[in-house]
Each structure stands twice: as structure tokens, then as C-alpha cells.
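Each of the next two complexes has subunit A plus one other chain: subunit B in the first, subunit C in the second.
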Partner chain A sequence: MTEANNEKMIEKELSFGPVHPALIEPYRIRLFVNDEIVEDCEININMAYRGMEKLFDGLPVEKALLIAERVCGICSHVHAWNAVRVIECGLGIEVPPRADYIRVLVQEFQRITSHLIFFGHAFEVVGHETLAMRALLLREQFMDLMQYVGGNRVMPSVPIIGGIRPRADLTDSLKKTILERCDAFEAKYAQYVQRILDDPLVISRVNGIGLLTKEDAIKYHATGPTGRASGWRYDLRTEMKEYKPFDFNVIVLDGCDTKDRVVDRALEVLESLKIIHQVVKNLPDGPVVNRNWVAKEMPFTTAYLETYRGEVMHTYGLDHQGLVRNYQIRTPTITNLAAMEHACVGDHVTEAILTIASCDPCLTCCTRTEVVDSGKRRTMTDYEIVRKYGWRK
Partner chain B sequence: MDATILFLAQLIVSSVIALAIATLYSLVLPGIERKIQARIQQRVGPPILMPGFWSVIKFMYKARTEPIAQMPRFYKFLIGFGVGVVSLLFLFNTPYWWFMLGWGSILGIAGMLKLEEVIYVFMGSQSQSIMSTSMPVPDTVRGSKWPNIRREFNEQHSAERSLKMMLIGSLPLYLALLVPFIVAQSVNIGSVVVTQNPAYSPFNSWLSFSLPTSPILFTVPGFIAAIVYFLGFVVMLNEKPFTILKAKIDMIEGGVLEYAANLRAGYYLMRNLLMFALSSIFVTLFLGIPFDPFMPAMFLMNMVLSLMLPIALSVLVAFSPIFTFRQIYPTAIGLSALGVLAMILALSI
Partner chain C sequence: MTLKSTSRKKAIHVMLCYTGGCNGCDIEVVNALLSPRYDLEQYGVMLTWNPREADVLIVSGVVSWQMLEPLKKIYSLIPEPKAVVAVGACACNGNVYKNLVGDIKVNEDVYAPVESVIPVDVKVPGCAPRPEEIIQGAVKGLPKLMGAP
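Then we have the complex of A and B:
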């Protein structure tokens, strides 16, 4: 047994990853345990670098924004939408209301698919394969709907600067299909959720573990459903002008445990369905894109958006040629990491992995630029990168 | 011919036939198990022979790799040892072994089961896969709060879990095993079978068969013991919900992680044969129908009825999460209490 500081005695370290069948992304979890009880946790990311920000640099803005969608395969629409919101905000580009409605529609489609893939992963970690498979089966309906709207299941590429792609406009038959699919989904989904809540074995695995109090959630900057399941009422959608026409509830629970993080997402799916119904029924007439804009010099502008995992930030500027400069992205997982590490403490080893999964991490998306120089490793700020390597020619 | 030599010849022939049939049959069981799970999950699932039979053949022909273990030769030996232990466990259940030095008794079965359990402790303490602490690159973060902590391989942690399961988790199975012997008031399997199936004798004609008249399963203590036995069967097979020592999400495969190619095939053989052996023991002890290799009707009945436990297992696995020790301890204590209740009730029969 080793005494590493004055407060805790640690018996041993168990580490998992980055090559591990349970971790769907390359990261490393170091658990410091006494017997089976986790006393502390470290999550090491930075295993996969893609250098996304560098890819953006110097590209024409329309071309660069296509890359933004590739940041994540689960929240592709979020990044595409927030990337265009930056320039729309910076250059004051008007977006037609119909386009905003359809952007919200795809956002909520993808929120449902994201939460269902969360259930798939979480129940796989719980060890309940049947519930995991059912979640992925239910998800298929919304993957199909995204394809009908955007032309692709994973990268629908709906938003463009000034609106949406005209091919993503809703026809009457598509509106009817969406409503029918949503109704059919709602009935099956309600049964699915009820089954989870009625299963004593599953509930015994998720109830009372992974505790993250409201104070800790705020202290560690937990965002999205992870924070809301700890009683922190914070959802950026309530402040976004795009969401003003819609009536929906922000799901806030005060159980602060893994069960509530699951239930919070389960209830958010129902709110998303409510928004989808309102979009389809109240879709305004009019154009779907405003092409009356020109790329020109734009100061660094920032836009925030409530994604399925929490708050995402995009920021960039345009130079005098209209080329993208100094693109930065902050995904919600970065701010949730510390909360995940904290929530694991006191749980059994097997439960700790579930607690991390219950915060819905997307680690490859949140890994940022790193430079290895003379054997020393450190993360450089974008300013340092620009200063050292210059603008991309 | 001398009676002893004749008996030994019969013992050897019956053992060879029994093992050949059991091994082939056990290779079908994982396919049935996986197919049922897949249907419950609205999937097609693999072909019946794929997970058991063809995967064993496939692994036998894969390029052999040296396992990373503290003592690789000992680690490799454990597979052969395990197959031997499980084979003997099954053979002790067949009629000709009932007359061999008292091995065909509760002592023989319990002894072999304990040996089978302890194998996982040895495997876990030996295996040192790259999946946990032995990363080929520096993996500790500068500024970590815990820089000099003893690091343990996942498999070693799995070995510790195996030890706990040996002490607590498998106790209900042994209690349930005792119930038929208490009813028969004997430690011999032969007496347990004859109590339920008086017309049966290993020396009957090879075409004859006899059905049990008073199976223990259909008594109150027998039924309770059967439930406890089934859950003990799940524990012994390390299947969900009691798969903590090889939980995919942390321990991956536990101590068997480093077995590849022919060793992996050997592990599958061991695991599949154990599934059939435990099922066959259940049919012998609780229904009075032994696996007699010289009586086709008897061994076919035993084989068909042996499907009960794997089918029930598939359904349980499809609907169960993995239990942690928070759930395993109370479950094991509750099942042990049920096992003791069954034993007390069995005394009154």
C-alpha cells in the first residue's frame, strides 16, 4: 500500500486503454483503487490528433465549413450549424425563418439519435446487450429521417451560410412521413424507457452511483445533460433565438447519479419529439437560403450552441480575402472531463467505467492540437502556433 | 477374462465414447445459446455451428503466438490441465466411474469443480497483456497526483475477483449439489440415481432404458435446489450476471486474455465441455437419468434434457446486466440461504 499524500491511502493503480474493447475511442483511464473501490481517477486523452483547426486555416469559408461537420460523426449537424452561425453573426447575415426551423428539426433528429446511441453504449457497459441492441434498433428510424432530409444518414450537411441547402427543404409528403415516424417511434420508445425503469437488475446497477452534486457540477463545469442531471438548470436552447418559437421543457433532475443522467436523456428525447412536431406543423413558408452576402474581413467571432452533450463553442475570423483564420472549437466533453473524474470516486471499478460512459464522452472530438518538441510535450495555444508556424499559405 | 480387466476395459471404452460424444455435443451448445440471445435481441444471430464448432477449428489453425505471461509454459499448461479437470468432472458422472475409488460421488464432483475454479486464479495471476499497464509508450501524465503507485495488470485484478467468487460466488452451487445426496442419504452418484430411477442399472441391456419414478426435481427441496444449482451453474461459467471476473468493460477477458490460436481453441473446448458437464450432472442428480455411453436411449435422454440449463442461461444472459460485488454478495448470500433451506427440507423426505 502506498501513501501518496496526507489524505488517502492507495493500494494500487488499474489502467484501461487506449487499446481496450470497451473504450470506443482511444483514451486511457487510470483508476487508483483500494480493493474494488475507486479513490481517484485520471482520464488521459490526447491519443488521437487530427489537427482540425490547422486544416481550416486559410481555406475559403464555404469550403472550410464542410470540414467543421467532420469534427464528429454523432453531432455532425451541430458543428456544421454552429460554424455557419459564427459567420452569420460576424457578418450580420439574415437567415430565413424557414431555414432556422429546418436547422432545428435536424438538430432534434440528431439529438434523438445521439441519446439513443448513448443508451446503446451505456447499456453495453452495464452489460445488458438486449437493451443496447433495442436502442440502436430504435435509432434507425431517425437515421433514415436524416437521410430523407439531408441525403445522408451521418453527415446530412443541411446548414450553409445564410440558410440551408435547398435539397433539405421539407415537402408535404416528407412532413407527413416525419409525423408518422415520430408517432410510431414515440409509442415504442415509451415502452422501451418503461422497461428500463421497471427492470430492478438494471436499476440496481445505475441507482446511487457516480454521484455528482450540483455544487461539483458547477465547480467542474459539467455541461449538458450531465450538469442538468445534477440539478443545474442550464440549457443554452432557452436563450437561442432559433428556439424561441418552440415550447419545450428543460429537463432538470436532482438525483445527481448515473440513473438520473440516463433518465435525463430519456426525457429529453420526448422534448425533442415535441419540438419536431411543432417544427413540422408550424413550418413557415418562404425561402430557405439567403445568398445575399460576401465573404470579407471579419473579426474573431464566437458562437455557442447547446449540443446533445452540452455546450459547444466555435470561433474564427476571416482575413481580407475572406479566408478562415484561427479556428477554434471547444466541444462539451472538454468541460465534462473533470466532472467525470470526480464522479467516479467512491464507486466500484466496474461502476466507474459506467459513470464515465454516463457523462457521454466524445473524446476524439475534444482532442486539440499538440506539438512534441525536443522531447518535451505541451499543448500550444493557437496564438503560439500562428506565431511559430505562420498563416497557412 | 479377469473381472477387473474386463471392468477396466469397459471403463476405458465408456470413457472414450462418452468424451467423444460430449465434446462434439458441447461444441453445438454455444451456437444454440447465441442463437437464442440473438432472437431475443431481434437479430438473426450466427449459424448454430459457428461459435462452438467452427471457431474451435479456426483457432486451431491460426498462427501460434507466445502468450505474455510471468511463466508462459505454466500459463499454457493450465489450458491442458483445465480440459483434463473438466473431462474428469464429466466422466465421474458416467456410470462406470461410480465404482472407481469413490470418485463418482459428491467428493469427486466438488473436488473437480474447485480445481476448475482455481485455474482462473492461476491464469489471472500469470497473464500480462498489453491492454493494461504494459503500454509501450510512457503513459503517466506529468503532474499526476499519484505518481508512484503500484500498478496492477487487469488480469491480476481479475485473479483477485476469481478468488472472491471462489469463496462466495460459487457456494450456492455446492449447497445445491448436496441436496440430491441428502435425499438419497449417500455420497455416491449411483445411489442418487437409483433412488429416483430404481429400474436403472449400468449392467442392463444396451437397448434398454428406464424412466425415473420419483425425480428429486419434482420435490419442494429439489425444486429450490434446482434454482440454486442453475444460478450456481451461471457463476461457474462466468456468465452474466456473474461475469465480473471477465467483464468486458474493465477486465476484458480476465485471465484467459493472452490465450490465442490453439490455446484459445483449448479454452473454448474447456468452457463448452464444462457447460455440458454441469448440465449433464444436473440431469443425472435431479432427474435420475445418467449419461450411460453403453445405453443410447439413456445418453440421448440425458443430452436432450441437458439443453434445459443452456437455454435458460441464454435467456438470463439476454436480460441481465453484469453484477458488481455490490449485487453479487447479497445475491450469493440469499442463494446460499435458499440452498440451506433446501438441505433442511431434504432431510425431511
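Then we have the complex of A and C:
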């Protein structure tokens, strides 16, 4: 934007990060402001680069799944599940229906915890501590349930190739606990959401801020609740075979602003509760894992999954020894942040961080690429490409 | 016991420096310090983001090379006596990022453990450690703050 219009003078630059109270994760934001109005914004997300994708190369596939789960600490189940789905699609491994149900169950648990940590973060940025603390308190219910199912609050490690770990199988007492906790949560959560919507101060901070039109959302490929709050009906769950048995609605709002991005997530939590009830009630009997498979040569296979923030892609192939080759991951935050960089332009400077936080950025997921500058050739990162050309060139 | 350590005992300020793990420990630390269930604030332990008023530095995650200099700078800005708590398997020994590598043998993008960058007093292992364990680790750092050698 600055290169296109050289005559425009930009007075001041405000920079945040990498360690800053408003940003829990390390990233760097540069806001170019003119008379307190944001004229341009630049986000540097490369602070948490760990060289993830190179680590996978040459590992046996079961070991690679351990790293795949540790791509992100908020959506750990998604990455583990999607990495497993790649090899299941590629080698044609049958998954027992009971295993699919429990994978969906943990996915929806984590969706709820992820959305509640978003409320915690967003209201912390707004400055409303009470709402943030209440979100963290509500979240503990589901962290407990994840610990009962998987054995760990953050990394449940539920999916393995061909099914789930036998440890994560649901017993009758666990089913009863899940239903009780969900009912207790639903009542408290309804009060909580009502409290948000009735609060004139919070609504005045988020209403009409950070506009992202439907065209822009499609151009930057802002997936997940960020895109759905801009009126773009795009949810991979409607097409996935794992979600076929369940009845749920896709929440699409057309307000295009920060308020709708918050409300969209608030309503999605209720849909997740609906799915959890259906899983527990209709859970089929049978084995939970199919160990009848052998790792052999596999061409490059891609799997897509709807995470809590949008669409995630995993792709890899196996060589003749059954070792992983050319692992690639694309996470939703890459495209969502590019959209938010666009959305915060034109607003007052105090709203910019809130707008950026409203796409629920998860920087550790998306930071796996880096600019390679070796003298003559310079390779661009995914993020730079999206920022410059939009998602569809 | 000096006046400084007496007053410090009542108000310990903790700074969280997230250097590039997977975000899980980071949220568990915030959970342990802030969330109403574990709530360390009731004992006078506050979360701060200003290194000059911090007493305890909690480091979570392997140190990526972009965060190497900021971490050293934050450590040098904290006034003496200070304690450093390394939370999580990444900060203690590098976890999968350092130890589970394929063909490249050595992952040169990350510095792990945190001990190789700044001195560490307390280690809290686990991937991810539970909030109870993080609280225990923070308590173990207290003697250092009180002036123990």
C-alpha cells in the first residue's frame, strides 16, 4: 500500500512486540498511523520459527505423529488427527466407526476450549478482566474432560493410525460424567453469553470495528469463524465423512465486524455441545483400533480438516522404507492474519490490536516458513505471498 | 532478612517469556497464575509484563533464534535477586524439537535447553505440565528470592 502511493506521508509508526502484554504469543506488529488512524499495518510472525517441517523428513510415521501433535498447543488434536487422516487416505486403512466418533468428540471438546481461550484473550485486550476470567473458569470444565479421556490436559494424543489409543475409549461412567458436565456448562455458558451481549461497553468497543467484506474474506481466504462472520458459507465439516452422522448448523453471520466474529464463536460452542450430546448418545459398539496395516510406499497425499480457526492442510508421502518425506502444513492463521492486516486499516489505533486478536491468531501453528535469502535468490513465505497477491493468484 | 526481601515475600511478580514452544505450556502458566480455579494472585503472586518489576522469569518453550537476543535482554533487565523457572519439556531438554529429528540430525534453528542461554534455577518437566506442578515450581524458586545462596 505504501509503495503504490508514494506521495502519501505517514507520520508515525507504532510497533509492538515481540513480548508485549497485549500479545500473548511472540509476534511483532507495526502500525503506521496518521492522526491516530491506522493507515497501514505489517505483522511479522516469524518469531517462533522452529524448523518444524524439516524435522519430519526421514522419521518413521508413528514418530512423525508425535511431532505433528506438537505443532500447536491449542489445536493439538487437529494436527494429530489430520496427520493420521493423510496416511489413512493414502494407504486405504479402514477406521472403525467407534474410533471416528471419539475423534470427533475430542475435536469438539477442544473446539470449545479454543473458543473460550479466545474470549479470554479478546476481553483481556478489551480491558474487561471479569469476562476474561469467567471464560477461563468455564474452560476448566472441558480441560478436565480432556484429561479424563486422553490423560493430558493439553496433548491428549487420542488418534493413532487406524483408530484411537485404547486408553481413550469411553466407559459408561465417563459418558455419564461428560453429559453431566455439558449440561452444567450449558446453563452457565448461556448466562455468560447473555452478559456479553447485554454489556453496552463491550458492545461499543466491538460493534462496527474491523470491517472485512465478503469479497475480501474470499480473496484472502479467511476461513473458519473469521470468514463465516463475513457471510462466507464455508465449513469443511459439512463435507467430511466423519461428520456425516451428526446434525448441526453452520453459523453464518453477515455483520463483517469484530462483534460478529465474537458472536459467531459464541454460537459455535452451542453447536459443538449438540455434537457432543449426539456422539455420547449414539456411540456405536465395536473395536476402537484397526492394527491391520503396514507402512509402505505412498504417493503424496493431502488431507483437509476444519479446525477451530479455519481450514488446515497436511500433506506428505512415504518412501520405499516407509519413512516420511516432504511434510507440509498450512494452517488457517496464515490467511486469517493477512485478512486482519487488511481489516484493521482505517480504524482508530486503539482498535487495531483487538481487530487482529479477533481472528484468534495462533502464531505457533503458522510459523513454519521463513524467508530464505541466499544472495541472488529470495524465496517468499506463504504469508508474504498471500499478503501480496491474495490467496488465489 | 532485609526490608527488601520482607516486602518481596508479600508481592512476587512473575514475568512470562514465551520463546517459541507450542503454546500449550504458555496457556497453562496463564491458567495457573490467573484463572479463578488455581488463582495464584490470592497469595500475592502477580503476572507482570515489565521485566524491571519482575522477580521470577518463567520461560516456556525452546528458544528460537529470533527470540535469543530478546530473552537475554529481558533476563539482564530483571533486578537481582532473580529466579528463572523453565516450564515444560521444551525448556528443560528440548522435547521433540531437539531430540526427535529425522535426516537433519541436529536442529540448528532452536536453542535448547534454556539453560544453555540463561541460568535456570527450577525446572518443571512435563508436556504440558499441569497447573499444580507449575505452582509447585514457582514455590521452589522462593528461597533464591529470599537471598539463599
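FYI, the second predicted complex is superposed on the first by the 360 of 393 C-alpha atoms of A that agree within 3 Å, B and C clash if a C-alpha of one lies under 4 Å from a C-alpha of the other, contacts with A are read in each partner's own complex, and residues count from 1 in each chain.
Here, a contact is a pair of C-beta atoms (placed from the backbone, for glycine too) under 8 Å apart; a residue touches a chain by one contact, two chains touch by 3 or more.
Quantities reported herein were computed from a predicted structural model and do not represent experimental measurements.
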First (subunit B), second (subunit C), both or neither touched by A:114: neither
Subunit B versus subunit C as contact partner of A:40, first or second or both or neither: first
Which superposed partner A:55 touches (first subunit B, second subunit C, both, neither): second
First (subunit B), second (subunit C), both or neither touched by A:12: first
Touching partner for A:333 - first (subunit B), second (subunit C), both, neither: neither
Contacts of A:20 with subunit B and subunit C, given as first, second, both or neither: both
Which of subunit B and subunit C A:126 touches, first, second, both or neither: first
First, second, both or neither for A:137, with subunit B first and subunit C second: both
Partner chain(s) touched by A:201 [first = subunit B, second = subunit C, both, neither]: first
Touching both subunit C and subunit B, counted on subunit A across the two superposed complexes: 19-21, 133-134, 137
Residue ranges of subunit C touching subunit A (in the complex, touch as defined): 17-28, 30-31, 34-37, 49, 61-62, 64-67, 70, 74, 95-97, 100-104, 107-110, 127-128, 130
Interfacial residue positions of subunit A with respect to subunit B in the complex: 2, 4-5, 10-16, 19-22, 28, 30, 32, 36, 40, 42, 44, 123-130, 133-134, 137, 199, 201-202, 204-205, 348-351, 353-354, 377
Of all residues in subunit A, those that touch subunit C in their complex: 18-21, 24-26, 46-52, 54-59, 63-64, 66-67, 70-74, 76, 117, 133-134, 136-137, 139-140, 152-155, 323-324, 362-364
Of all residues in subunit B, those that touch subunit A in their complex: 37, 40-43, 130-133, 135, 139-142, 144-152, 154, 157, 240-241, 243-244, 247-250, 252, 317-327
